[in-house]
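Both of the next two complexes hold chain A, though its partner changes from chain B to chain C.
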Partner chain A sequence: MNRAAILWRVASILVAAGFIAAWQLVANLKLVSPVFLPGPDRAWTALVRGFSSGDLASKLIGTLEHMAYGWLAASIAGIALGALIGSSKLMRAYVAPSLEFLRPLPVSAIIPVAIAMLGLTQGMALFVIAFGAIWPIMLATIHGFAAVEPRLYEVARALQMSRMAVIAKIALPSALPDILAGMRLSLTVALILSVVCEILAGLDGLGHWVLLSARAFRSADLFAGVILLGATGYLTSVAMSVVEQRLLAWQAAAR
Partner chain B sequence: MSVVARLDEAKAARRGTPLIAFNGTTLRLGGKTIIEQLDLEVRPGEFVCIVGASGCGKTTALRLAAGLYRPSEGAVTFNGEPMTEPRREVAVVFQDYGKALLPWRTAAGNISLALEASRVPSRERNGRIDALLRKVGLPGHADKYPTEMSGGMQQRLQIARCLAQEPTTLLMDEPFGALDAMTRQGLQDEVLSLTQASRTTVIFVTHDLDEAIYLGDRVIGLLPHPGRIGIEIDVNLPRPRDQLATREHPEFLRLRRQLFDFIKATEH
Partner chain C sequence: MTLARAKPVLLPAAALLAFELWARLSHLQSDSLAPPSAIVVALGAAIGDLSILAATRDTLFAAFVGLAAGGGIGLMLGVAFGISRPLDRLMEVTIEAIRPIPSIALLPIALISLGFGYRMEIVIVAFACVWPMLILTRAAVRSIEPRLMEVSRALRLSPAQRIAKIVIPAALPRIFVAFRLSAGIALIVAVTVEIAINPLGLGAGIMLAQQALRADLMLAYLVWIGVIGYALNILLIAAQRRLFGRAALAGDNT
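The block that comes next holds the complex of A and B.
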């Protein structure tokens, strides 16, 4: 890291510290009633207490599980369907209009449908999360597969590569930057829908914790849950960029 | 595999039968006739250059020879068999090396692609890759990505990947068209020494008439709309060719004149 990068990093930490200080100040001056707004000190205490009693940890794991299963299911199905549709011009022509209709559909709108069909179950949550998270992945995969350099397919033909080898060695690596970008977007969608499902269906997780804390006016616990959700979103996104950087090291070489 | 192919080739040479033959080959694409009634025979070990104005179908002819296109009429044969699909003993060097290389694989990985396709066991690959990189003048660049290499190096890498197929025939589509003059001359000599040593048959498409005469045993000039043979000249210049001596040879200058006059006439 060079000097300028370090300075930028320091500046961004200072800004974050400033926000927390301002939050503390607002809480200390009681500009908002402490019943609704705890200071960062109380939120932190609630966080530590929640973890030491084990409650918060199990809720966090619950949310992470919802998110992970839904996201993984969306990734597998999205990449498979996207590859199928993206690698055939005919399929693209047939399926694209239907996708354009389904894609902008707000996923929250299908939650009642999913509840009616699957009940207030983990299966319902898995379906809703996967359904919402599949779009960015599938559309990115379609685009990635459609944009493979045609010359590379000719190289593959000249080398008489098998169909499987062409997919594994040419199409998939070529589409990988798009696929990973889609998976990163879906990560956020999966987290949002995990929380929504937990709130609506009362499933064990941070969404449920936040809802109960709010109803009981335990604002410190509420904020602890929100902070934890923010951290989850941030850390999963960071983990995803690390994976991207490792898998796409060749792109860094191009720059 | 390639030994058998080479024996076949030697037999074919004794019989005087061609390795690659176009017999009344016509190709129509989208209702347009690109190549019409092309008759051309390439003998084993021969270096044939194809020249012509742009749009005369020289690249198309090469793609027919590669089996990337199927003729609409007539046939293209390789060793007497119809060339309807690409075969591993025929390697294609594309002009746009930037698009033909896998940007996510290193130099070694790009060569490995051809070895994997030929089912070379993985423990043999590294040795073969090193030898091929040395052969094309890229030793020590195994771990570089194509985007980290100059145009000349990328084209060398593509040639190395083609050589990894152990081809008996090399089809080259304006391989040096995008390179600067110095790099170009260096690569011309390298291709000559690589192919002459192994008696590889070459069809070389270029728009550079000097390059065609310098490299070829024979130069075919195509006429445009639709593509057909307009001129065929034998190049009886001594080998090995030399960038200075060959290009100053009176015969070189005579052929150059003949070819320039032909191209000029086709443009009117």
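The block that comes next holds the complex of A and C.
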């Protein structure tokens, strides 16, 4: 980072600090009832207290677990199914249109069906999260497989590679940018669905925490939970970017 | 030729037929599954007594008002950030801090400050719609041919004129793509809010059907929500083709 960029960054952080100060001012002057809007000081205290004495940490871990398990299951199944469908012309012709038809379906609509089948359980939450998160990954994988440079397939044929070898050595690496983009999109979906499932099923997690805090009108705890959820979204997306850069470094170098 | 046309429908049709047969032969009694024929009957009844249509109206109303509010804010911010690089850099940290908050996390806040009903749903939908609109509009404005901006400077257009006569028309095709994506998000968020908590619209309808153990009605709602989502998508893609032709497809790879 050069000098100017650092200066802009500092200025930008100052602007954000200014907004927080304005928030504090609004809260202090009680322009909005403190029942709805705690100041950043109270939200921060609630956050610290929640971690030191309360069970905020276990709630955070609960949400992260739901998110991670559902997302990982979706990633594995999505890439496997996507590879299966994407690597065969026949499957692409027969199966892909149905998947495209299902794509605009609001995935949360599957929640009642999942509740009817599995009840208000951990399994229901994992099923819903995995079901919601699989679409972006699977469709991106299919797209990535379909867009592989045809000459690479010719090379594979010339080398008489097996189908598994073609998938592992040619198609997957070449579709990797698409797949990673799909996985990044799914991360957001997984977080949202985790929160919804926790709210609905009362599972241990931040969704349940914010709902309980709202019901009891403990707005400071509520804001602490929302801030944590924002931080979760931010940090998981940053982690994903790092992984993406690592895994795609060879492609950037090749260009 | 007929086979090529039939290919996409073949698989779902076969699956539905198999499911119907299996349900009939095993005399299916379930709280979560119903044969397709029963789902069609339930859907017909729900359309007949207008209940599902009223729910659709409620959901679409909340989604579109939220889309208009959030999309409008996102559009304005996107144009401002796209034109003024310093403004964009100054707001960067603030935006990056607020954007990753999952829209649904605002649900309890909206709930205690606004109560149940349209207003809280609209606020959450609006929050969700701001971001795609802001980011894509900003990118669209930035990618405007620099010569157009030079022309506007040579003509000494005022900032308002510059935005109305140069920026918006030049960025419009890509702004419409952003609008289309936001509309999809608006519908998804509206249904999600209704399923999670708000006793309103399609989401509440499907939850109610589930709680009443009416598997046929629940799946009818699911199918209907899918149809609404699909129809909205098709409609907006058609509008995009008609209004902007190929111009809008540049840079849109979805």
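One rule holds for everything that comes next: the second predicted complex is superposed on the first by the 247 of 255 C-alpha atoms of A that agree within 3 Å, B and C clash if a C-alpha of one lies under 4 Å from a C-alpha of the other, contacts with A are read in each partner's own complex, and residues count from 1 in each chain.
Operating definition for what follows: contacts are C-beta pairs under 8 Å (C-beta built on N, C-alpha and C of every residue); 3 or more make two chains touch, one makes a residue touch a chain.
Note that this is a predicted model, so its numbers are computed, not measured.
With the C-alpha superposition on chain A as described, chain C and chain B fit side by side in the combined arrangement.
Of the two partner chains placed by the overlay, only chain C lies in contact with A:Ile13; chain B stays clear of it.
In the superposition on chain A, A:Leu29 makes contact with neither chain B nor chain C. After overlaying the two complexes on the shared chain, residue contacts for A:Trp250 are found with chain B alone; chain C is out of touch.
After overlaying the two complexes on the shared chain, residue contacts for A:Val242 are found with neither chain B nor chain C. Touched residues of chain A, counted separately for chain B and chain C, are more numerous for C. When the two complexes are overlaid on their common chain A, residue A:Gln160 makes contact with chain B while staying clear of chain C. Applying the stated contact rule after C-alpha superposition, one finds that A:Ile110 touches chain C and leaves chain B untouched. In the overlay built on the shared chain, the residue A:Leu152 is in contact with chain B alone; chain C does not reach it.
Of all C-alpha pairs linking chain B and chain C after the chain A fit, the shortest spans 16 Å. Once the two complexes are overlaid on chain A, none of the chain A residues touched by chain B in the first is touched by chain C in the second.
Of all residues in chain A, those touching chain B in their complex are 149, 151-152, 154-155, 157-161, 165, 169-170, 173-174, 176, 248, 250, 253-254. By the touch rule above, chain B contacts chain A in their complex via residues 66, 68, 85-88, 90-92, 94, 96, 99-100, 102-106, 113-114, 116-118, 144-145, 147-148, 165. Here chain A touches chain C in the complex through residues 8-9, 11-13, 15-16, 19, 35-37, 93-98, 101-102, 104-113, 115-117, 188, 191-192, 195-196, 199-200, 206-207, 210-211, 213-214, 217, 219, 222-223, 225-226, 229-234, 237, going by the rule given at the top.
Contact residues on chain C toward chain A in their complex (touch as defined above): 7-12, 31-33, 89-94, 96-98, 100-109, 111-113, 184, 187-188, 191-192, 195-197, 202-203, 206-207, 209-210, 213, 215, 218-219, 221-222, 225-226, 229-230, 232-233.
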